[in-house]
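Have a look at this one before I ask anything.
Chain naming follows the written order as A, B, C, D, E, F, G and H, and within any one chain the residues start at number 1.
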Amino acid sequence: MHGEIGFTDLGSARVDTARTRRTGVPEVVYAAAKTLAQTEAVLRELYAREGFALATRIPTTEDGALLMARLPEAVYDDGARALRCGRWPATGRRVAVVCAGTSDLPVAGEARFTLEAFGHDVVQRSDVGVAGIHRLLADFGAVAACEVVIVAAGMEGALPSVVAGLVQAPVIAVPTSVGYGVAAGGFAALHAMLASCAPGIAVVNIDNGFGAAALAHKMLGIGSRCA
Amino acid sequence: MHGEIGFTDLGSARVDTARTRRTGVPEVVYAAAKTLAQTEAVLRELYAREGFALATRIPTTEDGALLMARLPEAVYDDGARALRCGRWPATGRRVAVVCAGTSDLPVAGEARFTLEAFGHDVVQRSDVGVAGIHRLLADFGAVAACEVVIVAAGMEGALPSVVAGLVQAPVIAVPTSVGYGVAAGGFAALHAMLASCAPGIAVVNIDNGFGAAALAHKMLGIGSRCA
Amino acid sequence: MHGEIGFTDLGSARVDTARTRRTGVPEVVYAAAKTLAQTEAVLRELYAREGFALATRIPTTEDGALLMARLPEAVYDDGARALRCGRWPATGRRVAVVCAGTSDLPVAGEARFTLEAFGHDVVQRSDVGVAGIHRLLADFGAVAACEVVIVAAGMEGALPSVVAGLVQAPVIAVPTSVGYGVAAGGFAALHAMLASCAPGIAVVNIDNGFGAAALAHKMLGIGSRCA
Amino acid sequence: MHGEIGFTDLGSARVDTARTRRTGVPEVVYAAAKTLAQTEAVLRELYAREGFALATRIPTTEDGALLMARLPEAVYDDGARALRCGRWPATGRRVAVVCAGTSDLPVAGEARFTLEAFGHDVVQRSDVGVAGIHRLLADFGAVAACEVVIVAAGMEGALPSVVAGLVQAPVIAVPTSVGYGVAAGGFAALHAMLASCAPGIAVVNIDNGFGAAALAHKMLGIGSRCA
Amino acid sequence: MHGEIGFTDLGSARVDTARTRRTGVPEVVYAAAKTLAQTEAVLRELYAREGFALATRIPTTEDGALLMARLPEAVYDDGARALRCGRWPATGRRVAVVCAGTSDLPVAGEARFTLEAFGHDVVQRSDVGVAGIHRLLADFGAVAACEVVIVAAGMEGALPSVVAGLVQAPVIAVPTSVGYGVAAGGFAALHAMLASCAPGIAVVNIDNGFGAAALAHKMLGIGSRCA
Amino acid sequence: MHGEIGFTDLGSARVDTARTRRTGVPEVVYAAAKTLAQTEAVLRELYAREGFALATRIPTTEDGALLMARLPEAVYDDGARALRCGRWPATGRRVAVVCAGTSDLPVAGEARFTLEAFGHDVVQRSDVGVAGIHRLLADFGAVAACEVVIVAAGMEGALPSVVAGLVQAPVIAVPTSVGYGVAAGGFAALHAMLASCAPGIAVVNIDNGFGAAALAHKMLGIGSRCA
Amino acid sequence: MHGEIGFTDLGSARVDTARTRRTGVPEVVYAAAKTLAQTEAVLRELYAREGFALATRIPTTEDGALLMARLPEAVYDDGARALRCGRWPATGRRVAVVCAGTSDLPVAGEARFTLEAFGHDVVQRSDVGVAGIHRLLADFGAVAACEVVIVAAGMEGALPSVVAGLVQAPVIAVPTSVGYGVAAGGFAALHAMLASCAPGIAVVNIDNGFGAAALAHKMLGIGSRCA
Amino acid sequence: MHGEIGFTDLGSARVDTARTRRTGVPEVVYAAAKTLAQTEAVLRELYAREGFALATRIPTTEDGALLMARLPEAVYDDGARALRCGRWPATGRRVAVVCAGTSDLPVAGEARFTLEAFGHDVVQRSDVGVAGIHRLLADFGAVAACEVVIVAAGMEGALPSVVAGLVQAPVIAVPTSVGYGVAAGGFAALHAMLASCAPGIAVVNIDNGFGAAALAHKMLGIGSRCA
């Protein structure tokens, strides 16, 4: 096998403790389909090995509070539905997180929380969808100055196309499941983003704010390795 | 039954000769799935009764030429794949026909040809998609001054949302089947248009340039009746 | 940028306070995916700026009552699941709102409430589906005399095709999610409406009664501008 | 096993020679995915055993002519793309075959040809779709007097709902693949027919004119057995 | 218009009181998306006019009990989730209702209850799916002797094909939403039934036990009219 | 009919008591859509006839406890949501049950429980997905030595392809409904498994752990019969 | 890595020359999307290394003839659209290949040709679909005596369920793309097979006759290893 | 508007001549749905303005030859179906282009050709799919040393997940339309890539080799700007 390997066998989980060294991104706990005990055990193991652990999709606010009480250095963010133990050193790198509507905020929050846990700075803009695009353009300079731009949008998912036509930075598009009728579930936004006429847009799974942040982090690694 | 009725039975077709008086839009021949003889027969009957006839989706340029040779007052437009016998009196009303890419031109052409056959003026803009939205805005005043704006777009179908955020006029969105992968067939654009965050967009079937023009014509009827 | 711009930044929302002047339709609050506090804040800001505010898809009757108690000039309509603060001046224009079955009433109600908030008169017909089309035709004159006809239907969504074959006015078709099996979710009705053999039908998203009303309002603008 | 059984093994086909006695409908050759030799062999065997044989979906007019030349008592109908050897005795029973548009004629033709091969009389109406429903109602008495009504329609597939609201006879709905955009392939019509608000509609597969006729024939069997 | 017409306007419903005379099947209340008050009002009106009323998809057992207490001659059947006021005279006609698995019983029950309300006799077989087809064949004679055979099946929906290969009577196939994975929602069964290699199968919407019974009733009408 | 037949008629179920002798796999109770009383009755009958009975998809832990209390020799496994009465003799045959993530454990558990009830030994590995494939390879020898390998995976469902490229044994792939966005419901995993570039993978329905085990058991029958 | 590895790099292909030793099935050339030169080169390399090579989906009869002329020990089978160089020693093991209709023969042929190339005996039955199931049962003993049963079926795909209810051997179901309307492309058959109520059916991709044969071969390996 | 703007109006196209300065990627001609004359005109204009022009999806080899003959500095690559006029200066940056099967080469070629036109170096690996993953690992070092890794795969699309678990660089996944049955059209691969359990994968539209290259180029811009 290529790269560093290693894992801890917890019975129901084999924790990939070498993933950060191998891929630059640690194993992160997807808590939605795990018991609270399973989530806690994996977080504890990861933190013990690496001094850092992250969980997304904490099912309820109560679960978040419970985990925060039990785990060392834990910070739970209700808007992001995510929790971290520890934080990586500040990098001074800047990533924009833009979302089309107020309803996209939980997904944007997951991206922001992850980026900040990885040590990056975030420039956030909310509710700047294409029906009133002047709301985005009013103070666009700070967004355009970021090294990567994450754009979360549901419904027709048009915002990434517009943004990608205006910036040098790579755009990561996150479709959200916000909407009803043909937009329900996020497929209308997903397909719009994949079909965009603006070249060079990276698309991730519906509602995958964490994935967008992990991708942005890997992109920034290009810059840091070239230093 | 409500309204004026009447028809001519040609065997394989019952030509609805009272449709203009009843609904404001004449029966129009959808030639794609008809034999040339069937198309010619219905056009001839419509022209005889109303002094006007229109056919869309002429299968080939050769078919268009043949029909033009055989029918009175016939004009065939290859870019629109459509043919008319006669034309309604000029109304001086203005409709914009905007399309996102060069590949959407056949659909936009069908809309333009139909509107002109119905007597209206058309303001056309082509290849002004959202990846370089300044191409639309450069001379947008003439578009914004139209009473109705038709926007044809394939791929991610984002242009109608942007336009609808900028004008008073109702926007009619026509998804086109231009694109590949998730955009193939036009469903990505269709869903984006239906899910638009900009309120008040009228959507028609994929590639239905004629339907968009017929709808615009019925909208203009509101204005003329109120005069 | 084209047109009037301007917004208020409330943190989680950038309220597009110039949208009425720019597009003829105000920013309207889609309350389904917002917290009650977010909905209230945006309504308050819109009303302060324009003397009018509208919210649709209020999640519960209790939410509606709470908002009505807190906001100035607020009227909540349970059948429409919508709330308005203020009302635009009466126009005397008439729009028909027809629905195929009793189960389509909430969607039809959202359209009616929006139209009335915008100052228009509404002619309503309910439960007049095609299985007994004489129920529609019995007193059809008042419908046919309207300037725009909105038709909401679930299941097979055939009613707009029939109506569009009988009237001069543009028909706006609203598919509803009423039905089970192949009709569940509203796609059967949506596709039937888009594929209609009756030309000139405007289609909006599934259950989008507000969008139908906003489109009707923009259509009526054609008439008022031509005065 | 229940009922009469028996077959002839031709190698690539096991011809079910007892099917008529067992189910009332003979094995019929679906020629679309067979070689001409396979089609001819099965027809010859069926005719030898039962004095009657039927093939549908003959790929080309040339194939039809060739089979007609080689097989005894063969009649090929180009409009129906079908061929029969022999014909069952006349029954005097009447079935209506109604189609919405000229483009649905091949499917309606397959139904008509099959019914006539089975000995029944057919009352046919073409191009009587819902956009001008007066074309159907003008001479509807003969349709309403039939014992079974077959309705073929593509696009939005609304015609069966309207017909089923007007007649005592069972309605068999055949969706056709006529149309483009959301109607392409016939699923919009299929779903509309299954979701119909008019109770008691029998639906068959898209373009399955033969299946509609076979079902009508089995329905008529109820009447003949009760004699 | 063709046939007998007439209705009672209850505000939210226009009750089609002439439907039985026009089509042979009365207007039936689909209670799933109505308030209890709406359901009760329509049932009361139908019973007052015709001495008979039927409602399907009563949401809960409590609703059924309440309606039974309030309405004259009301009988509620919990297994069928349906209620009738009155019953049509016995006809002595026999319809088979066969279902593939125990889980299909509610749909089969709706069909049986409707048929019995219309005065017909029902021969029922349950849990006789194709994985052990001998369970169907063991006492198949009584099924084969029926004038119409209704077959309800979920999962792979294969039972109607097998039955239709064994009987003279028309087979009405009802796909049910029973199953998980690819079978969830009933589309696998629906498509299997429409694609059946056994000719002459009538298909109705997923879970539509009432529709199957209404169709069977209309089929039996062929026989009674020919008497 | 071929093979041994026989059944017990319990009214709502015809229990196929000869299925083991005919097909090697007993009738198993799918409890998800049955009442507790129905499940209990069928289990009791099966156990009385064969000394063995198995039920899957017990809706709740409470139901499992209740059935365990009432039925002879009953063992309920909460992780597998399954219950057995009795157990077949030990065979000494070994089947691997591998799952990609912790969230796939319930499906893997259903497979393991069924295999053990049928008398086989199970080698289990959990949380060894392709993002850290070294976790699988670390102790792969025991897996590779099994006669059949069952692989359960949700999300992108890539693990069966990788495993099938490494072992002689047939691989049975079970897609799970674990995931969100495009993975929700399990279709992404199902399609990936069917489209695998590694030949000879057997695929079963989404979440169908029991089916995978039944198939493995039938495969092992090949070996035992050849002994 | 686990198992034997090794490959030959031909530039556009890396031929996996160790696959037989590692997995029991050789790398097989899928010729549909390769140039004739690419197919020939890989076959030549495989044959040179292992004395055996197999290609499926040869695009045309001419391609097959050309390859047969150029390659050593080559046998091309037009009905199977496949070619082999060499053949593995006869095993005396028996696999049944059953298909529902004449149109499924190409897929069944691919399975038969592959099995014979691997040295196994094949018992074939064609055109024995469920509409006349007595055609299968007439001489079913030879099928039931096979160690594995492959069943290919298009349209409603019901045959595997019926067969799996009658035999001890594992059943491998191959959906075919035969059919029209809802059956077009093979998804109706695929879903029916995955949703089968008969436990223990292995499903492979649509039209994947080779995959079914490879799976059967791996299953037989269980028996041979246990000897 | 933000950023540099400007365009040339060619009638059917508005060439966005400022796109490189605004977004880092030039307007590129998608030739599939354009006439040869339209493609030539836009290329000529772009080359005149920027000294560089690129076209993808040239319909035929003949078209490529014709364009190469007519345009200055033109290089046509048949394997990539692409043409460039000029080339950007060499950057010395390295991008890996890995594809799963020989059939994915045209898509991989489009990515490679675009990257080389933009001045980057490409490390290519072909036919290294997961069924024999040792073919990838044999000389993986050169791939792992690249700054960005593009992975093209059809069928089950599993390769990007495996690669992303092994490298530090961001992985761009390109689903291809290679495959049949459930894989036809590329959706199985697309969904697998979006649902990947390996975090930080960027996905582009099906067959979009150019988009992958444009995204890689924008990612490399992060590194060059940080220098």
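Here is the rule we go by: a residue touches a chain if its C-beta (ideal position, glycine included) is under 8 Å from a C-beta of that chain, and two chains touch if they have at least 3 such contacts.
Quick caveat: nothing in here was measured; it's all calculated off a predicted structure.
S.K.: Which contact partners do subunit C and subunit F have in common?
M.R.: A, E
S.K.: With respect to inter-chain C-beta contacts, which pair, E-F or F-G, contains the greater number?
M.R.: Most C-beta pairs in contact, of the two: F-G.
S.K.: With centres defined as the mean C-alpha position, give me the subunit B-subunit E separation in Å.
M.R.: 44
S.K.: How many angstrom lie between the centres of subunit A and subunit C, each centre taken as the mean Cα position?
M.R.: So the centre of subunit A lies 36 Å away from the centre of subunit C.
S.K.: So how far apart, in whole Å, are subunit A and subunit H when each is placed at the average of its C-alpha atoms?
M.R.: Comparing mean C-alpha positions, subunit H is 25 Å from subunit A.
S.K.: Mind pulling the residue numbers of subunit F that touch at least two other chains?
M.R.: 1, 19, 131-133, 137, 164-165, 181-183, 187, 190, 194-195, 198-199, 205-206
S.K.: How do the chains pair up in terms of touching? List each pair.
M.R.: A-B, A-C, A-F, A-H, B-C, B-D, B-H, C-D, C-E, D-E, D-G, E-F, E-G, F-G, F-H, G-H
S.K.: Spell out the part of subunit D that touches subunit B in their complex, as residue ranges.
M.R.: By the definition above, subunit D touches subunit B via 102-103, 105, 126-128, 131-135, 137-138, 178, 180-184.
S.K.: Over in the complex, which subunit C residues touch subunit D? Could you list them?
M.R.: It comes out as residues 100-101, 129-133, 155-158, 161-162, 164-165, 179, 181-183, 187-199.
S.K.: Can you check the complex and tell me which residues of subunit B touch subunit C?
M.R.: 1-3, 19, 22-25, 28, 137, 140-141, 144, 147-148, 164-170, 172, 190, 194-195, 198-206, 210-211, 214-215, 217-227
S.K.: Along subunit F, where are the residues that touch subunit E in the complex?
M.R.: 1, 5-7, 11-14, 16, 18-19, 27, 30, 32-34, 38, 175, 177, 185-187, 190, 205-208
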